[in-house]
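Going in written order, the chains are labelled A, B, C and D, and every chain counts its residues from 1.
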């Protein structure tokens, strides 16, 4: 992608400098994969490997959850972020899993991510935060913004053309469509979805909000749920996962992307987002780390339905 | 597997009438883990408890379930019973087959079935019970009383008389509070100073009391038993050890400032004591108004002082001291009448407040007790009182009654009539509320013997024409408008919380209501306690109060505080949160949700990948945790659990109920 | 700021001096104020006694027109018009009410447009130095009783100033060099709606206002309301009879005094159209040294 | 298809986070678990699990007993210190194990014995209720109520109503664990 040529050069230079100077102990970015349409995560600790870094419209992976590998480490790591990725970093900062001293956030302009066929990902069409919500440095002229905004930086024009954010108003369409169904239809729909789950936990592993040291689905001691992928246990897993990230999900869509069984996980997350906004007021998780997530606070005059 | 006993109580016929107790016991005996099941007429009786204790010994029980009445009734009984036979009291569960079963289901079959389910639930739970032990926390045998008005003075005296050291703190440089400003007290009309000053002297001279005036609380750390209180002692510019209180400096000081104590109706000096009977009776320098401190010129006080006590280089001093318990007695402030534009909003000089009139009535006040109105010093003839100014007024966000105004207005009208026999007082009221011993009688005397003219209705407007005040209102009993030409209008301004009450509450970690009054732990049964262990309330900081109520509360708070101080250590609640540090990721979700600030993130040293690393984990202060369990749900990884109501126990109960 | 100007009916009729002086002052200050095209009755004094929906729908149409014509604020000189239009603005903040209003007037309303009284615009939007620069004849020594009436300050939801002791006009008068007197009748009723139905009571109320202005030592009364002015000016003679004393208090619109201070001709401001002679008092003011 | 597809790359690119990609577990075809609710005179009875806070609702239920109020025997109460102690996972667990309906009950907001617990309860379960409805659970099967220590009649009415609301719905089989 020609707009990103200089950004790629700057990324490599910056990564090299940061590693050579010892400013950071490692850098998270992307590399070109085995196919032209694959740009996969890369972690380097050696300045010599900085040239492997690459960033283009296939660099869809959110790298923020990888920072958890170093959560008890004093050394600093640099991470390249798109708008959606940056909210994952804020998630980790707010959840106190990393400290600002441990991470150097480098914001990148996002051209809009596309699939193998070259069409814009739905999550990018629905994107409200195409610019980093926080960054220590930026490349490619991207502007940091804590407000929903239009794409900025060198790829702004390209992003606009492919329609980044053009369908932001329709984010809840899938939720609305399901809400319109009868209880029996919903039950059948979700039973089918839950039955597909193979409990690989890829959704959890990639999620920056799923940052527990020990996940309750890994600890057998308490016996919250059986390991077996039964319909019942899968539903328990799906709902519990959703409740645990309620008000904390940063809307990056990685859970759904990595799901090998195509379970519409984000529909559940979006449903919760929608209800939280309706019940407790507007809130975007992973934007402002000083605002406590909605389930960690209350208003005495919250909606009352339990009278 | 644990060896469990089940004891089925008949409660006379209360349970046995509609629950087949034998069947419950039989079903229990057949349950895995249950090694003994038994029925008895009254399990809570002495023989019943002996029966349990013998069974514990005979069958070597690890725990037992009593199916009986509500655990809210006898849980403590059956836990103590276990304690007496060497079993941990928390290895006992009581299930409720009386209130929740036999009394509410007449159908014996359905009742028995439910009782069996509940019994199974109890057994399933007790199988997961762990012995619990209450943590103990040390008690610092020293109390802090914040605020040295009459409530604080009383609290400090009572604590001191109980034999405990107490520090009495006030931000003003004399103790005494609002009561010192008041002229006479209702309903006895004894002079306020005459009954207050002996108490002030008594508390100052008490060997167990340390006075700390001109000082403010900056921060409070710690918890019940060991509060670490940081106090700022404001610079006085006078060495209190050297100063003899001779007053020569005050006399010679050339700079005059309106006196706060006199409601700015009279002057004071820049070096001053607020009022003649002040305790300690040693002046301070008001730095912003001191010529020397502002311009470097003057210094007369220093020159004249016979003991060389003036210290122009004095600095604020910040100290941190430890107290076991705190009594908050910070009082109130008078409502600011500027909110009432229709009454002149404080712009009309002869529209004054009740406290202004107290000072005008007082023989040591700015007019030496002569009633002179502020604008021109004339003696007023027609005096209008308006009650409920800043009370019972939703529009001013003061829906509450200030409780004292009805009586102080009656008192002031009486005193005015005594001082100015030719005067006439008109009193506009909404209701006259005189609940209190001899209060109603006093109010009647004001009306009958002292010519107080009570008019039921609100005043809509006061304005000035020439040197008269036109007071317009309505008489709602006669149903017609009234207009009075007055010489002086007294607004019976209500009580407001101190302007910084919320700030102090947050510092102390205590609750306050929508207006800023401090919230007691229970409106009826815990009137002087707060939700925060070890912190008590006295006086008007909790809500409008008159002097007798404030004194009573001061004594009550002192009893509560002393009860703590008699202990060398405190026993905490055994059923509290427990953090599994190995699982805890230190995210702090539990910290924000804890109502008692009992959880803090603390560093934990740990060997990770062969290196010593530090990571943050949640730590529970067993002295502060009250066992609500909110943290357990906030914690997504279930690292946070709770003794007595653990995840495992509750799940076992659910499973047992459902798997029938 | 561009304002849509809503003159209302009084400013060409009973309140002609207000209309003339407001026009002159607006023009003199070069303010970007254009009359709203095709405006209609604000509904004051009758609509809200008949039909609550009508009483907000009528003024709402004016707001809708102003929006369509690209205004974000509407400037309203007449106090009665202000109260109705402001009431419509407040009602339009409620989406349900707004939909109802839109249905009646068959126009769209954003709910974002703001109605403001000409008085507050003059005081808050024109800064001190700009105003001072215009003053040719400061109102030195003129003691004015600022009389606001009820419509600008009640009820609370629409009030442009404090209901008991408003100060907006007092500040304006001070800036023009006059001395506002402290008095208690700033917002007392002028008897407006009773003058036709219960003339005796109405005049009594008018007389009270004038009496207390006089007692406070005022030379004249200044108002922002055509209805109040009608009562205080036109009925001053009757009031004098009722009080049994002469008053001779000219009643000015604040815009007239602004215009006079700016040095505009009295005729342009309509100062010759008063019932109580109004030019003499102003002419008697000391003339500032030229320069 | 979901809202956020299509995917880029294969699921393997999540290997970087050491995801456990496994083969689907082959379940035996689900067989209906026996209904928890027993039949009485041939009529099916709903079985309801209630979580009650110790200070208000449990006390309210005690008072109902003291007042000898009569209500259907279909609910079993689990005592918890505070409604804020009720983990949504307990609710799911009850459905898994065969409850036909679940009630969470505590003090009225503002009256919490622990000050603030039930404010969090309210937020949490407002949300969970909507999520469960979204997933096809009949809202009558999961309810939350505020019942104070003095509201014995309310406790009786809530139990009665809940029982009667759930009766026409029949046994809940959604998420029910299959008997091994």
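Everything below uses one rule, namely that contacts are C-beta pairs under 8 Å (C-beta built on N, C-alpha and C of every residue); 3 or more make two chains touch, one makes a residue touch a chain.
As the structure is a prediction and not an experimental result, all values here were calculated from the model.
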Could you tell me which chain's Cα centre is nearest to the average position of every protein Cα atom shown? B
Among the chains, which one keeps its Cα centre farthest from the Cα centre of chain A? C
When the contacting C-beta pairs are counted for A-B and for B-D, which pair yields the higher total? B-D
Inter-chain centre distance, chain A versus chain B - centres from mean C-alpha coordinates, in Å: 47
Taking the mean of the CA coordinates per chain, how far is chain B from chain D in Å? 38
Any idea how many Å lie between the Cα centroids of chain C and chain D? 64
Between chain A and chain C, what is the gap in Å from one C-alpha centre to the other? 58
Residue numbers of chain A (touch at least two other chains): 224, 295
Chain C, residues touching no fewer than two other chains: none
By the touch rule stated above, which residues of chain D touch at least two different other chains? 88, 93, 116, 120, 124
Every chain pair meeting the contact rule: A-B, A-D, B-C, B-D
In the complex, the residues of chain B that touch chain A are 582-589, 592-593, 601, 606, 608, 613-616, 634, 636-639, 647-648, 651
Spell out the residues on chain B that touch chain D in their complex, using ranges where they run on. 70-73, 96, 98-101, 103-107, 109-111, 113-114, 117-118, 121, 511, 531, 575, 593, 595-596, 626-630, 632-634, 642, 645, 647, 650-651, 653-655, 657-660
Taking the touch rule as given, give the residues of chain D at its contact with chain B in the complex, in rising order. 36, 38, 40, 47, 49, 54, 58-59, 61-66, 68-71, 73, 76-82, 84-88, 90, 93-94, 97-99, 113-117, 120, 124, 156
Given the complex with chain A, which residues does chain D contribute to the contact? 1-9, 11, 13-14, 16-25, 27, 30, 88-89, 92-93, 96, 109-110, 116, 119-120, 122-138, 143-146, 174-178
Okay, in this complex, where on chain C does chain B touch? 162-165, 182-185, 212, 215-216
